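Naming follows writing order (A, B, C and D), and every chain is counted from residue 1.
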């Protein structure tokens, strides 16, 4: 397992708890569903209006009226159902979704998230991300640790327009896991195989402290 | 036809226009459904969560899960359906109900309505009346012209707490019909059989003007 | 597989403690959660605040909790169908806060949907304005009503599955839908219980995401059904 | 009997005039009212303001009206699935107002429900605050968002009856439900049309009270269905 995205998705799946309701953002976060442990049952909500999202339907069974927010065909597990957008965001904003996993452009030491617009580039829009980071009980940012130009995506202060202020609870990269506590800010909890504490310090712009029970070789890399 | 309530209900039914959505208050207004003309189709909404209210079901077919806001058993006409309270008041407040007919304790020359509480007497509550007078496009007050003590229910100024301010559009009693215009206030449009202009003046406390095309012997009494 | 939330009524209702706020579904008997109310009658709780359209019908419904002096305050649109509530109020044993029906429904929905409040034209120029902030937008005046969050919700559905997906029947849907969304702990009694996947995915009225415990309705409701209705 | 609202698409769409505001249902192709959009493409209208979650998918949807320069402004949560909209914006031919998805849905619902506005925590601390009134309640800050009313709504349902009762299918329900409530004139295209009384009274998603015209979907939607979906 050497692909960074696969490492991140697999580690993110380890955050899941039995019985949780989760929402997975488009792209990398969607991959998390592939790594859910056998003894864990989670229920996946998609903000365009379905809950209990199951595997991709068998070839030939795709249906224009059954898709997720990324327009990929879906099936429902037993107990799943469909609803309208106002109800969907009532669930999300109302704290009925336990956990969301979102990719990002930037995240900073205050927990600010910037993942919807790069100034000067083509506008896509925030979609449901602002509602998700505001409403979900636990907000996980899942992202590669550094940008393509080598700079840290975990910054002192986001420079792009924010998606949410002080909303990020957990950051999961292919190199480390950080958890934010109300008094101490982000705390480095885990370092992936193949990285040292110094490696993480060198590629992380934001301030953080190191957990007393820090786990080294915690995930990823060659087992 | 000498019973005042029957006269009022029959005259009120004459206000209905084909295709209208209407809501009928509990008590006297409910009787209006019995007088709808054959060539008029109206759709009745009840605020507890049904539309297309039809006749009382046949004896033995009453059902605890199918009733109106007055707890009377209902049936639905084809096209009718059920919904929740938030949706129901979305319809009402949102102006999707064309016309409501409500009884009252008092109504005054400004169009103020007081129909939910008599100070010092047992409290019942406003139910959905405040929403109905605010949201329905046309608000009809259907009421006996005078109270049991002989005083006019059509007052200069309501003395009981209001249900709605300046919301009444039409007043229908067993003696007369008044319509409120934005500039002239209430205008006497019709006088029932058996009453003269002087009779109406004598039993009406609120100010009003008389329509140019006033109809005398317009309804009620012995035909 | 989504969690099985079916438990017995006593275990579910043990979440109700003295001093709590409770949203109750139903409309003068249509869809009232009578199994849950019957259980509450046997419990040693007091000082409850009830948010409900009404107090029930005749001597059946939350009015029974008022008679037992378990309730200190009821926020409702109408209590005229339960004379005992008016008596309790007049004797100073109960506070009643009359609230327009649409406003009460929207308070519950708003709290359930994570909104802080809403602007309604209902009640402008009446005592419903009292103590409320008024906001003027585009020349119209609105009452700012705060969203409602409560400790527990008690609701009733016709059909349900083990995860708490619910389908109501006829006019018994009413306040049950919004009450289900605005509480920290939501208990639903259901007449007909189905295994997962039996209910139509396209026709669920309350999603199981909102529900914490599913309880089977007992015969209490059926007895009421046989009583028939007044006219 | 409730009114028969089934008319042909041209008569229904003749209510759309230059300069109007239009709410459009659908979500990147799921439930987009393509029959109505196809008709609009043939009409001589301009300066439209569109409220919709997105601009469609690829080159199909309201993006087609943007290409024709009929649209001056689109209020949406996401336009990333229709590059042509980004191009039009960058070239100054179109104004795009990005709006959080939940806020946009609630704006439509609020306008349809006769409310003046609502307080949302979504977007606090972001540019979504800009130009908006902030209301503090119980120590929390909320954005006051005004309700949306528009001239026309264009929506699509799977099944409908002649009065305009609608049933959606799967995730094609989305914004169609709220868009149906907030317009002066609501046009619904339906794939399957039923006579009154054929749809389940307990499972209607949009009540006919909200709908002004019912139009049969043409094959346009089916063509899209055959195209399959991207991954």
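The rule is simple: a residue touches a chain if its C-beta (ideal position, glycine included) is under 8 Å from a C-beta of that chain, and two chains touch if they have at least 3 such contacts.
Here the structure is a predicted model, which is why all the values come from computation and not from measurement.
Participant: So which chains count as neighbours of both chain A and chain C?
Facilitator: Intersection of chain A and chain C contact lists gives D.
Participant: Check A-D against B-D and say which one is joined by more contacting C-beta pairs.
Facilitator: A-D
Participant: If you average the Cα atoms per chain, which one ends up farthest from chain D?
Facilitator: Following the centroid criterion, the farthest chain would be B.
Participant: Centroid from C-alpha atoms only, then distance chain A to chain B, rounded to Å. What do you get?
Facilitator: 56
Participant: Roughly how far is chain A from chain D, going centre to centre by Cα mean, in whole Å?
Facilitator: Centres of chain A and chain D (C-alpha means) sit 29 Å apart.
Participant: Could you grab the centroid distance between chain C and chain D? Build each centroid from C-alpha atoms only and quote it in angstrom.
Facilitator: About 32 Å separates the centre of chain C from that of chain D.
Participant: When the C-alpha atoms of chain B and chain D are each averaged to a single point, how far apart are the two points in Å?
Facilitator: Centres of chain B and chain D (C-alpha means) sit 36 Å apart.
Participant: Multi-chain contacts only, two chains or more: what residues does chain D have there?
Facilitator: 106, 109, 113-115, 120-121, 168-170, 201-202, in rising order.
Participant: For chain B, which residues are shared contacts with two or more other chains?
Facilitator: In chain B, residues 82-83, 86, 89, 92-93, 134-135 touch at least two other chains, as defined above.
Participant: Considering every pair of chains, which are in touch?
Facilitator: Touching chain pairs, listed by label, are A-C, A-D, B-C, B-D, C-D.
Participant: Using the touch definition up top, name the residues of chain D that touch chain C in the complex.
Facilitator: Result: residues 106, 110, 113-121, 135, 137-138, 140, 142, 144, 146-147, 167-170, 200-203 of chain D touch chain C.
Participant: Quick one: which bits of chain D touch chain A in the complex? Just the residue numbers, please.
Facilitator: These residues of chain D touch chain A: 27-31, 53-54, 57, 76-81, 83, 86, 89-90, 96, 98, 100-103, 105-106, 108-109, 120-128, 158, 168-178, 205, 221, 224-225, 228-231.
Participant: Could you pull out which chain D residues touch chain B in their complex?
Facilitator: Residues in contact with chain B: 1-3, 109, 111-115, 161-163, 165, 181, 195-197, 199, 201-202, 204, 207-210.
Participant: Quick one: which bits of chain A touch chain C in the complex? Just the residue numbers, please.
Facilitator: Per the touch definition, chain A meets chain C at residues 19, 21, 41, 43, 45, 51-52, 76-83, 86-87, 89-97, 134-135.
Participant: In the complex, go through chain B and note every residue touching chain C.
Facilitator: These residues of chain B touch chain C: 46-50, 62-69, 71-74, 82-86, 88-89, 92-93, 112, 116-117, 122-131, 134-135, 161-166.
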